Amino acid sequence: MNAAGVPKLGPEPVGTYLRNTWYVAGWASDLGDEPQQRVFLEEPVALFRDGESKANAVSGRCPHRFAPLGQGKVVEGTLMCPYHGLRFDGTGACVHNPHPGGQLPENRLGVYPLVERHALLWIWMGEADKADPALIPDFSWLGDPKWEAVRGATVAEGHYELYSDNILDLSHANFVHPALVAAAFTEGDRKFWQDGETVHAEYIRLDDYLSEGIGGMLGRIGVKQDFYGWVVWHAPAVLYFDFRAGPPGTPREDCTLLPSLHAFTPETPDTTHYFWATARDFALGDAEFTAGMRAALEFAFEQEDMPLIRDSHRLMRGRDFWDLRPLILNGDGGGVRARRMLQRLIDRERQAQAAE
Amino acid sequence: MNAAGVPKLGPEPVGTYLRNTWYVAGWASDLGDEPQQRVFLEEPVALFRDGESKANAVSGRCPHRFAPLGQGKVVEGTLMCPYHGLRFDGTGACVHNPHPGGQLPENRLGVYPLVERHALLWIWMGEADKADPALIPDFSWLGDPKWEAVRGATVAEGHYELYSDNILDLSHANFVHPALVAAAFTEGDRKFWQDGETVHAEYIRLDDYLSEGIGGMLGRIGVKQDFYGWVVWHAPAVLYFDFRAGPPGTPREDCTLLPSLHAFTPETPDTTHYFWATARDFALGDAEFTAGMRAALEFAFEQEDMPLIRDSHRLMRGRDFWDLRPLILNGDGGGVRARRMLQRLIDRERQAQAAE
Amino acid sequence: MNAAGVPKLGPEPVGTYLRNTWYVAGWASDLGDEPQQRVFLEEPVALFRDGESKANAVSGRCPHRFAPLGQGKVVEGTLMCPYHGLRFDGTGACVHNPHPGGQLPENRLGVYPLVERHALLWIWMGEADKADPALIPDFSWLGDPKWEAVRGATVAEGHYELYSDNILDLSHANFVHPALVAAAFTEGDRKFWQDGETVHAEYIRLDDYLSEGIGGMLGRIGVKQDFYGWVVWHAPAVLYFDFRAGPPGTPREDCTLLPSLHAFTPETPDTTHYFWATARDFALGDAEFTAGMRAALEFAFEQEDMPLIRDSHRLMRGRDFWDLRPLILNGDGGGVRARRMLQRLIDRERQAQAAE
């Protein structure tokens, strides 16, 4: 953390975000004894585990001297400021002042509801009393030992909606990830729909060849397959990608499944936390297989997607997506629905706040 | 390209540029099968060769998802977007949509007149119907096999006019390039004049020693020479430098000539594409000589000029050159004329646009 | 200097600084035959030694082409511009123009009073006629051969007041420099007071263990000591730190003294020149001891303090310190007094200027 440090922030957040929703704050197992300093939605946040190993999220700026609390230490289950040693608990209360007198300040840190579920930490950046864990999308396979996942967590340059658009429009994969994905997702049938507040994209290709990458992973190079890609978008930018393949004619539910998570949490208007995972239910414990799978996916997401989206973001020159009057292709059916839904949800939230 | 990526750009171009003129877009031979992504005058531009190997310049931002088209591929003579595979021809028309249905969008990319001449690509960033190739300055020696050139292409920090000033005022060379240039250009006679829309600077030194650098290149260390430096500036910032040396009394036209190009194309108000070349008509094909010559010039331009001009630019703090009330020395006769001429040309162009 | 170059500056200085005061401009012995280019209080400054080895400070921007004069050379006791060879003396007058005609421009460089004292260069960024060297704080031990000092000079990210606060509040050391400082400065008695325009902080701990770091340096690990920390702040950000330790009951004046300087000179609102030194009067000439002491202190200041203060600075998001309503702990008694005093001095200076 210290090398690059806290990102530079403006005097106030400038982006407009959906707040009453669950964002991914990190991989649960990445948060151990050391706290973490993060910026979500342009707000500094410190993550730490208390004495019961419960993960907590509090303001990442000490009220005393503005130090990054998440660069401190956990001491006796409390978060100790790295600068002058004040300690805070998960309710944001200062519980220890090591200085003479030792009076405890009444100021409390801001606290963010944080839930550990499906191997992930989910954070609620809005009104705490609305933070219902039942609203967390179901990624139970991430926590299921039947599935072995490779995964990543990085900070990507570019607006988070560009990243969720990217997953909803699998047709990019043929061009951006030639080794990983065959032409099929460009050429096959597509369907986009909305279901409540989720948006769905489906890509089906029957009786065609897999790519070297996926075909190799499945041991099915040179044999035709039916394959299915199904993406589910949850506002604001948490996506499930369900990829299945099997011999032609295999019922879809009997095809081999590779489930994926792609979760994007805005750090600033120009940078995005990117959490991804893809799992398999075969070759479990095969370290070589795992390493190859991780390398292939990491390359695809971090070396192929990210630079391209970064540059597309820069070419938008800080302007609004719709003001730039993008050409709409039929692969955009998912992204456009998701953008409109997100805008509706943000508008609704702002109207509700204005009404209060 | 991907490592650093597209430079960061403001919502709109903020500089004021001469548009109806030819800028150097690159070395013709550097544009091969791979397209190039560039920014000129704060506008993204993609360069590519079509099926007839003709070089084309189109908008470097895909109208679909704003991807950098110049990071794509050339397929069947058309420019394929790296993101979703739309293909555009040199007229800016979308000629292939690989997605189901395959309807071709009617939007056209912006197109910039591009001419390949004198081993360079020349781009016209203004009104296309005014793009007369006859206006391209004569650098025919760059394409003449009688001359062997070393050359470079880089992006330099600093306003482009600071870079053209630098070439017009050869008196800097004695201080900035001590190994390459003798005191002669500081101490000798100078003359500056204007001829139509070109500006000329001449430096003559008779019967004096060359520097180690130039003297070594010419095999004339320790012998006195007459030498002549003549710079011709073409708006906005394309310069020819004609250096000649010979035994005292040699007619100027019989002296050994080292012709140079220094062409500057603004990328942003703070960065400049710098294209340079110096040629000789002796030691042709001598790879060792070529390597030494390249190293000496590259060091001079990229390690000596560029950091100094970068820092001078930063010390201007974004303020207007004339507002800073620069002290004028007699070596500035070229730069001042060029700045005034460029301002007149820009004003004239803006008045013409306002009148239309 | 050339690698990173001149820092980027806005059109005009944006910070508000105390001007009629002495700032540390550098270590006297670091200014040799080569001039130095610096930015103090957002103004470019060139430092150089003239023919009598007297250190001078003049504007660091050539009036001709805005080149960084401090990147030039000293020639015959004058500062030669790296770009076109104009030479300036310590009065700011141009004394040599190497170009034909050689007329000397009448423009003078701005000149800053500069005094070499206590092994340091002290610069006055305000009205020259008020620059009284008697106002320079007494750091005579830095120039006294009885004392052997290790020292540093670096540019640190963060506002300079955050850096002076850091020294005044020694209670941070226990948390930020665990190897160097024992818990004593957090737990012991503290006293803060003001004396004229200086601010004092005192930390006393009797009969306790030194840290591994200081105890090791003094050869007193595992034996209890009385120890005393006394910090004196001189506006705007020049601090003396007097650390003493001795066997319990030793009169304070007989304890072993390690005197330190911490001097901060604003470069920009976001960056600070940091000059530090700590001296000893034992193990003189012991190179190994010196190297260990330097490494320990450099690590503490540059690897422990600086990243933390940088991130605290970023978390302030460019906002005013008091507007952020910092929680005040009792260790802040020094910093708060110093901030208030500095504000009074700045206000007084501005009122005086307004009255003139």
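Each chain carries a letter (A, B and C) given by its place in the written order, and its residues are counted from 1.
Keep this in mind: a contact is a pair of C-beta atoms (placed from the backbone, for glycine too) under 8 Å apart; a residue touches a chain by one contact, two chains touch by 3 or more.
On a predicted model such as this, the values are computed, not experimentally measured, just so you know.
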item: Angle, in degrees to the nearest 5, of the Cα rotation that carries chain A onto chain C; value: 120
item: Copies chain C and chain B - interface residue numbers shared by over half, same or different; value: different
item: Centroid distance [mean C-alpha coordinates] between chain C and chain B, Å; value: 44
item: Chain C: positions in contact with at least two other chains; value: none
item: Chain B - residues contacting chain C, complex; value: 162, 165, 169, 171-172, 174-176, 186-190, 307-308, 310-319, 324, 326-332
item: Touch list for chain C against partner chain B, complex; value: 2, 5-12, 37, 44, 60-68, 71, 80-86, 97-101, 105, 107
